[in-house]
Amino acid sequence: MPTEIILPKVDMDMASGRISRWLVAEGAMVKKGDPVFEMETDKAAMEVEAPASGILGNVVAKEGMDVRVGEPVAWIFAEGENPSVIVPQGAPAVTVAALPVATSNISAASLTVTAASSGSVRATPLARRMARDAGLELASIAGRGPYGRIVSADIEKAAALRIVPAAIVPAPKAAPPSDAGVLKLFEPGYYSVVPHDTMRRTIARRLVEAKSTVPHFYVSADCRLDSLLKLRAELNEAAPIMSGAPVYKLSINDMVIKAWALALRQVPAANVSWTENAMLVHVHADIGVAVSVPGGLITPIIRAAESKSLSAISNEIKDLAARAKARKLKPDEYNGGSSAISNLGMFGVKEFAAIINPPHATILAVGGGELRPVVSNGTIVPATVMTVTLSTDHRAVDGALGAEVLGAFRAYIEKPLGMLI
Amino acid sequence: MPTATAKNPAAQAANAPFAFSTYTPEQLRDVLRKMYLIRKFEEGAEECYTRGLIHGTMHLSIGQEASALGICMPLTVEDQITSTHRGHGHCIAKGARVDRMFAEFFGKTTGYCKGRGGSMHIADVTMGNLGANGIVAGGIPIAVGAALSAKMQKNGKVVICFFGDGANNEGAFHEALNMASIWKLPVVFVCENNGYGMSTSTARSTAVANIADRAAGYSMPGIIVNGNDFSAVAEASSTAVDRARRGEGPSLIECKTYRHRGHSKSDRNRYRTKEEIEEWKAMRDPINLFEAELLQFGMIDETGIAALRTSVEAEIATGIEFAQSSPAPSTSEVLNFVYTERQ
Amino acid sequence: MDMKVRELSYSQAIQEAMAIALESDPRVFLMGEDIGVYGGAFQVTGDLVERFGADRVIDMPISELGGAGVAVGAAMTGMRPIFEFQFSDFATLAMEQIVNQAAKMRFMLGGEVSVPVIMRFPAGSGTGAAAQHSQSLEAWLGHVPGLKVIQPATPHDAKGMLLAALQEHDPVMIFEHKLLYKMKGPVPEGHYTVPIGKAAIVREGKHATVVATSIMVHKATEAAQALQAEGIDVEVIDLRTIRPIDRETIIASVKKTSRLLCVYEAVKTLGIGAEISAMIAESEAFDYLDAPIMRLGGADSPIPYNPQLEKAAVPQVPDIIDGLRKLVQGKI
């Protein structure tokens, strides 16, 4: 009996993944536990191990193809088993209806079954038409209408969630200019076409969703950094040396993370996630830190940042950032979190506002520190000042609450010894 | 045109009936020919029906030819009639061509109604026939409306409204007679009382002894005539049409007559006796009666009669031939004539 | 020629149309019960008898069947009668002439005659006149090929469509809701026509289409306005003609909004809403539907006398609001 290799679900809202590279050639021997292919999800690349020992055969998912979660991509055959005889109909775990990436010799069968199964699904005519146009299976879509009826909004959602080749993505209603319309504006030869990878598509989709469904509200504050800079210098100076290098080297960002985590602990009502039925009030301040990587960005999470020392935060973020750039983060290292920080200060940005990354209810956008004239005790003095802007999901965090938590943050930044307690 | 100046001297001397002292021998021979034509038309239609060439049903007026012709005798082409389900005779009497009538029965495009009406809606509007009607008394208010038009347009037209004895118990009959009377409209109501509304005799269905008695209720003259006596019918009609044309209002003429055939093709004649039918056929056939009168007044001889019969038979045969060889409407034209937009 | 526009009531607009017709066309005459010196049961003919004489504004006996037949016969022979039923309910007395004669005469006679008769039917409930004087029977006549059946909802359309009907060669049945007679609206002076067979989009919207007839057009518009505050954007179509139905306008609208509500006062069952629903189901708009088609119509009951019951028997504005909310929010 051959063993099926499926595309595993490794991420919370993952619907499909793409095999970026097969590590074992078809027909070659694999041992159980050997990495057999490398897959790319929305957020990261990871290796998938062989579920059994034997000969890799009947590879139905080619490199670069999008495959739905849970679908077979290949089988491992025991010696003597003949792949051509057994697959696909011999594999009981295969749901035939779910084979959109199947090779051509079995696609006809899968289409028939698909059509039959969607006949029994309750869906409006418009939803059926949209699903048909988008190449979506009704059976895989949850209907939110009466009696579980699938309505157009369900199809729109499913189409947005799905990762599909651009060619068959249904044009959304009131769509932005079509690709052709954009291309028309530029002279051929004066641009190059870089296909979207999954990360780019995910970023696009999630940000559109976040910006169009989350009501953003913004509060800004200037924070004097002089004390924090002084403390940072002192702490870095005091870092013990091990193996010829200091054990830690704190950045301003490390201290910002800590200060923000402490502020959220101090104002727990702001450390929340919105759901339609209830507010999730988080115990810990799990702070996502936006890390720019080639081709996009990713937000690894410092879990329980309020309870970690500055040096621990500093070292953890260095590790996470390095692995993020190598696309080696595990899903649980970037999924979830209760808030996030985006720091563009190192690029000389003075101030900006960031887009909330649900399920977070807040994101703190941090500008660069700069010398500015400030009024202190009635006289103008030079001071290093950093402007931060907090975006809040107004459904969860009202303006005053946002101001309160931002005030707490500013207090930690301006009186940084409080972070050490 | 009828004329009182072209009387036959012999008939005048003998104090002859109205028709013979009013119309020329030529006119009267033409009436006889049309009697034959109606009779032969009905027989021809019946034969075609029996052979399965005509579908649906039909109501034959065999035995009622004198009524149709006598009533229409004083009319001009401009005058109008409304007719009934038993309307073939009226149609011919008002001047229609038998070939186009046959074509209609055969459902052909050359028929008077282009195959849309059939026997029950036979009409020749160009000759003033506003149509047979499948609804008992359906044409009576329509005739009154046509008469109202004539009065409003001051065009001098008179409208004849044929109906059967069955219609006299319909509400439309009473409403229409009342309106015609109060507005003094140029209409003549003609009840062809053949004794039976389908199977129900007038004795069983009607509270008055004569349909003409109803006229009193609407303040109009009510005249009873022997409907099988051409001259008597023509005289009554002439009087009523003149009155209507003078603007003095409507009249009701009751022609007592008899249909030799059943009500329609499905009639088994269980409501009347064979003897009764035979008696009417033998003793009171309108054609026999009129033929005898023409012979009596020397207006025709046996040779003349034979010639008329031959020419009528030829006309009928030609008519059936025309109908059979005419094109049928295309099924793609099923919606034609429902609205003016689609002819 | 510039046309001045004034405010006229629905009944004044009809009267003006009839006056224009009587003045300009000697073939036109009016017939009905008590339409002369009385001025008509709803004062629609008003003083026309004084202006045009009793020969052209004819008081007829209470003989709906005979009267209708007279109108049919006159229409067949060169006249253009406008026949007023005192109440649309009395059409039942004249069905023979309307259905068997007026509607079919042209057809039965192979196009050899036409029957350009206009019949006016004061219709609808809301006057406390109970079951025999409150019906909406337009769909009955809408079921008869050969007739054209219209239901103007505004004074403007009442005049324009009557004048359009006078240019038709086929019988036109006009159903006038009695509660509209006193409604005022802008009406141009002089002669103009509003085409028969063309619906009007009285309000554009994107979330749902309401196809309404007669007085329900106003109720649906009121409902649509109320729902605007909730962000529900409703398109209201005034059907205006129920035979022939303007398929194109309705189909295009449903393709745009994906949701359809039919609102009419006549008994809901086997009514115009069923026809429109089926028409959409059979059309290319089917694939655009994102919710079941909904109908609001009269109760399966005669119109009751008691005023509360009378209101409850036909759709009211809150019913339409409620129905549209359910339709748009995906609750049906």
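Letters are used for the chains, namely A, B and C, taken in the order the chains are written, and counting of residues starts over at 1 for each.
Please note the rule applied: a residue touches a chain if its C-beta (ideal position, glycine included) is under 8 Å from a C-beta of that chain, and two chains touch if they have at least 3 such contacts.
Nothing here was measured: the structure is a model prediction, and the numbers come from that model.
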{"item": "Joint neighbours of chain C and chain A, given as chain labels", "value": "none"}
{"item": "Chain whose Cα centroid lies nearest the overall Cα centroid", "value": "C"}
{"item": "Maximum centroid distance from chain A, chain identifier (CA atoms)", "value": "B"}
{"item": "Chain centre separation (chain A, chain C; CA means) in Å", "value": "60"}
{"item": "Cα-centroid distance, chain A relative to chain B, in whole angstrom", "value": "94"}
{"item": "Centroid spacing, where centroids are CA-atom means, of chain B and chain C in whole angstrom", "value": "41"}
{"item": "Chain A residues counted as touching two or more neighbouring chains", "value": "none"}
{"item": "Parts of chain A lying in touch with chain C, wherever the complex brings them together", "value": "124-129, 144-146, 149, 151-153"}
{"item": "Contacting residues of chain C [partner chain B, same complex]", "value": "29, 55, 60-61, 63, 65-79, 81, 96-97, 100-101, 105-114, 145-146, 148, 168-170"}
{"item": "Residues of chain C that touch chain A when the two form their complex", "value": "258, 286-291, 330-332"}
{"item": "Complex contact set, residues of chain B against chain C", "value": "80, 82, 111-117, 121, 123, 125-126, 130-131, 133-135, 138, 140-150, 152-153, 171-172, 174-176, 178-179, 182, 336-340, 343"}
